[in-house]
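My questions will all concern the structure given below.
First chain written, first letter: the chains are A, B, C and D, and each begins at residue 1.
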Amino acid sequence: MNSIVKYITDVYRAVKSLVTGMKVTGYYFVHPGEIVTQQYPENRKELVMFERFRGEVIMPHDDNNQHKCTGCGICQINCPNGSIEVKSIQVETEDGKKKRVLDQHIYHLSMCTFCGLCIKTCPSNALKFGNEFEHAVFTKSKLTKVLNRPGSTLMKGVQ
Amino acid sequence: MTELINVTEPDKLTDQPEDQDKLTEQLEEQEYIINMGPQHPSTHGVLRLVLSLKGEIVKNIQPHCGYIHRGIEKMCERLTYQQIIHLTDRLDYLSAHHNNEAVCLCVEKALEVEVPERVKYIRTIIDELGRLASHQLWWCSFGMDLGALTAFFYGLRDREKILDIFEETTGSRLLQSYNCPGGLMNDIHPNFQKRVKEFITYFRKKLPEYDELLTGNVILMERTKGVGFLSLEDAISYGVTGPSGRASGFACDVRKHHPYSAYDKAEFKEILYTTGDTFHRYKARIDEMWESMKILEQLIDNIPEGDYSAKMKPVLRLPEGEYYQRVESCRGEFGVYIISDGNKTPYRIKFRSPNFSNLSALNIIARNFKIADLIAIGGSLDLVIPDIDR
Amino acid sequence: MTNDQLKEKITAIEPEAVFSENKQYLTLSIPKEKLFAFAEKLKGSEALKFDFLFNITGVDRQKSLEVVYHLDSSVYRHVLVVKTETTDRENPRIDSVCSIWHTAEFHEREVFELFGIKFNNHPDLRRLLLEDDHVGYPFRKDYVDDNIVQR
Amino acid sequence: MKFDEFRDNDSLELFKKPGGNILLTTIDDIIDWGRSNSIWPLTFATSCCGIEMMATGASRHDFARFGIEVYRASPRQADVIVVAGTIVRKMAPVLKRLYDQMSEPKYVIAMGACAVSGGPFYYNSYSVVRGVEEVIPVDVYIPGCPPRPEALLYGVMQLQRKIKLETMSDPRTADTQRPKKEIDPETDFNNYQFGIR
């Protein structure tokens, strides 16, 4: 007799706990306004990242194709995983002095962990985080980028 | 993978029923060795467990780690203290901020730098948000281990809200790298306080749903109550900390006993249970979520004005000596032990990871329970494998 | 309990302990032969009751190999750091404290693997993290590996 | 998404095969359509990126909209292996075995910096494999540490585009997964993609 009672209470308990759970899922079933799924490729235009979002490192250029990077290499020293290589060359300025200027600022996106140390330590604020996140490619070498544009020069007044 | 079963004198056994019985008896006496992992959905990563079974009963568990041993401690010996931060993120990726904080606090202690009050408050708030996110993820995966797929979707739905807060302020969803020795990378976003308060009101409504969905469920009760006991003595002896240890009655909350950052300014209860079974390990985490929300509510309106970072030199050289810092990460006590020889890189750095000790207790918790219970027990310990292997 | 009071009590049970300067925790070193007996006393003593071993660290001091134990008491909440060292780099041996604190089993296996320190009376001294055919002890300062790309 | 909105279209051109007759190409199109919309991933996650992969499968991002919702625990039922996380030398043989156990056609997505190139563990680490391509051939690389769920979805769409180029007359094998022309960044500096944006 006892076992029958126990059996029935067990069934009752099981059904009750099931119904409690179903109540929650049922609520969301009849409230389509609470759908949280975002339709990613379709909503690309509306999808705005937060301004601090760290998608990649970029070097902003102004309209005259000028950047702020002096080629000092502090970002290269501070990068914990070697994803930045700064190649600088010696050039002769108008007044005949020799000066080092940036040749190529090579950035390995494939190795970057977005810790932000390069941007934080840059003395001339030449680097910035970009909001782009669609980076998937078929060949790995495409992930290595040169951040300064071809033919770009140093902005005036930046030391 | 089975071990070869060798029955003593198999040639003498015939087809006779009594001989067949003898064979069965001999086979039953032997232990059956199976491999679980390293690629198994319920080990939460690349943990490999070698189980000795007797029928369905687990007799012995030998964890084999190292499938994600990256040698982070060795790598840190060549990095400066600012650079170490980004590697500690990747130890226990669900409590990334806690790990960062431990290193930063240790470096600040060594340099005797007093960080602004504002930094302490913000660090504590992000700690607790991280704890909420981590426990939500644990809740999802624990439900999924036991076959409740709905939990997965509901838990991660709420977790995205926290990740949005993180992303707005720190710029990254999971591995924030928000701390730096001396303070924070940047100030909080102007929306931060508003969003956190919104989240608390939202989550206070949603957390009871978790209970309705899973905690009261008869299947969960049957699979967790009275399964996988850990006594208080064993919890202390095996160094099981965090919610897993507190479910056994081991008062090990670093936030309470060795307060750091702004934890001494907030009122909260240390969740303690005495049973130490799987259900109470589950319950301890659910209760911790409530406590985390309480801490958040107390601190969020009182963030003092000030700088977000103390003035630090660009190159940090720790004075010669040894420094230790304990913090409470989501899974237990995380510690950083730095031995410095006065250089800009540490001579030796050791991370005391909570999961490493928690895993060592798995053998005594799950022994003599069924193999199906091992999934529930492993899930309730909430192991993060990269933290074990480092 | 302050560090000075703790120091007195420990000197009472083990006069050979050498204390060293540390601002945070009371630190002492002990000869490796005495380690096991000393550890038993630390846990057994009612006044000290160091029952929670939370960290074991191996350190390569170049001249010697050192093992550092961080102890906590779940009753009194005081912390003690115990150090022991061996100068034998070829075949270093230190007594295991597994039977006193069970958590030492895993920590000692890790130290064994990364520093090559063998622990006497350890129940199961096997590799834990590296592959089975790994040669050398990677956390020693003189470890060389062709696979490392230096930066 | 439109063709022009994708990146790395010039690499995709390298995979294009010469066309067959009308009947075969039509059948090819149907098969590729079916294949590309039901790539089942293997439950394989070693570290941080695995959490973002879980998040991609959850309510906000919903993998299932691409027909790839069914995470298979067994490699024999999986089509794509998303290598989410660091691969160390001890894990590499296991990964290779998992890859070998998958049935053709099989695809590999390297997700996150560790799987693409070793990432933060490239230098000074004694145990990390520098990029999963040292073990198995990779179809799509998704950088990021970890990449956000949308980035993974974008990577999956790239893979779908690649699958749609397959033909029956020249079936896919492990050798043909790599593009014919490799760009070597060490020797050919002019081929660096200039980050103009």
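Just so we're on the same page, contacts are C-beta pairs under 8 Å (C-beta built on N, C-alpha and C of every residue); 3 or more make two chains touch, one makes a residue touch a chain.
These numbers were taken from a predicted model, which means no experiment stands behind them.
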- request: Sort out for me whether A-D or B-C is joined by the greater number of C-beta contact pairs.
  value: A-D
- request: Just give me the whole-number Å value for how far the CA centre of chain B lies from that of chain C.
  value: 24
Chain A-chain D separation of Cα centroids, rounded to whole Å: 20
Computed distance of Cα centres, chain C from chain A, in Å: 42
- request: Return the distance between the CA-based centres of chain C and chain D, expressed in whole Å.
  value: 46
Statement: Where chain B touches two or more other chains simultaneously, the residues are 66, 69, 71, 74, 78, 86-87, 154, 157, 160, 175
Field: Contacts with 2+ other chains: residues of chain A
entry: 36, 80-82, 113-114
Field: Junction residues of chain C, two or more chains touched
entry: 130-131, 138, 151
- prompt: Among all the chains shown, which pairs meet the touch rule set out at the top?
  reply: A-B, A-D, B-C, B-D, C-D
Contacting residues of chain A [partner chain B, same complex]: 10, 13-14, 17-18, 20-21, 23-25, 36, 50, 52-54, 78, 80-81, 113-117, 120-121, 129
Field: Touch list for chain C against partner chain D, complex
entry: 130-131, 138, 143, 145, 147-151
- line: The chain A residues in contact with chain D across the complex are 36-41, 44, 47, 55, 58-59, 80-82, 104, 106-114, 130, 132-147, 149-150
- prompt: In the complex formed with chain C, which residues of chain D make contact?
  reply: 89-90, 122-127, 130
Message: Under the stated contact criterion, what part of chain B meets chain D in this complex?
response: 38-41, 45-46, 66-71, 74-75, 78, 86-87, 90, 93-94, 137, 140-141, 152-154, 156-157, 159-160, 163, 173-175, 385-386
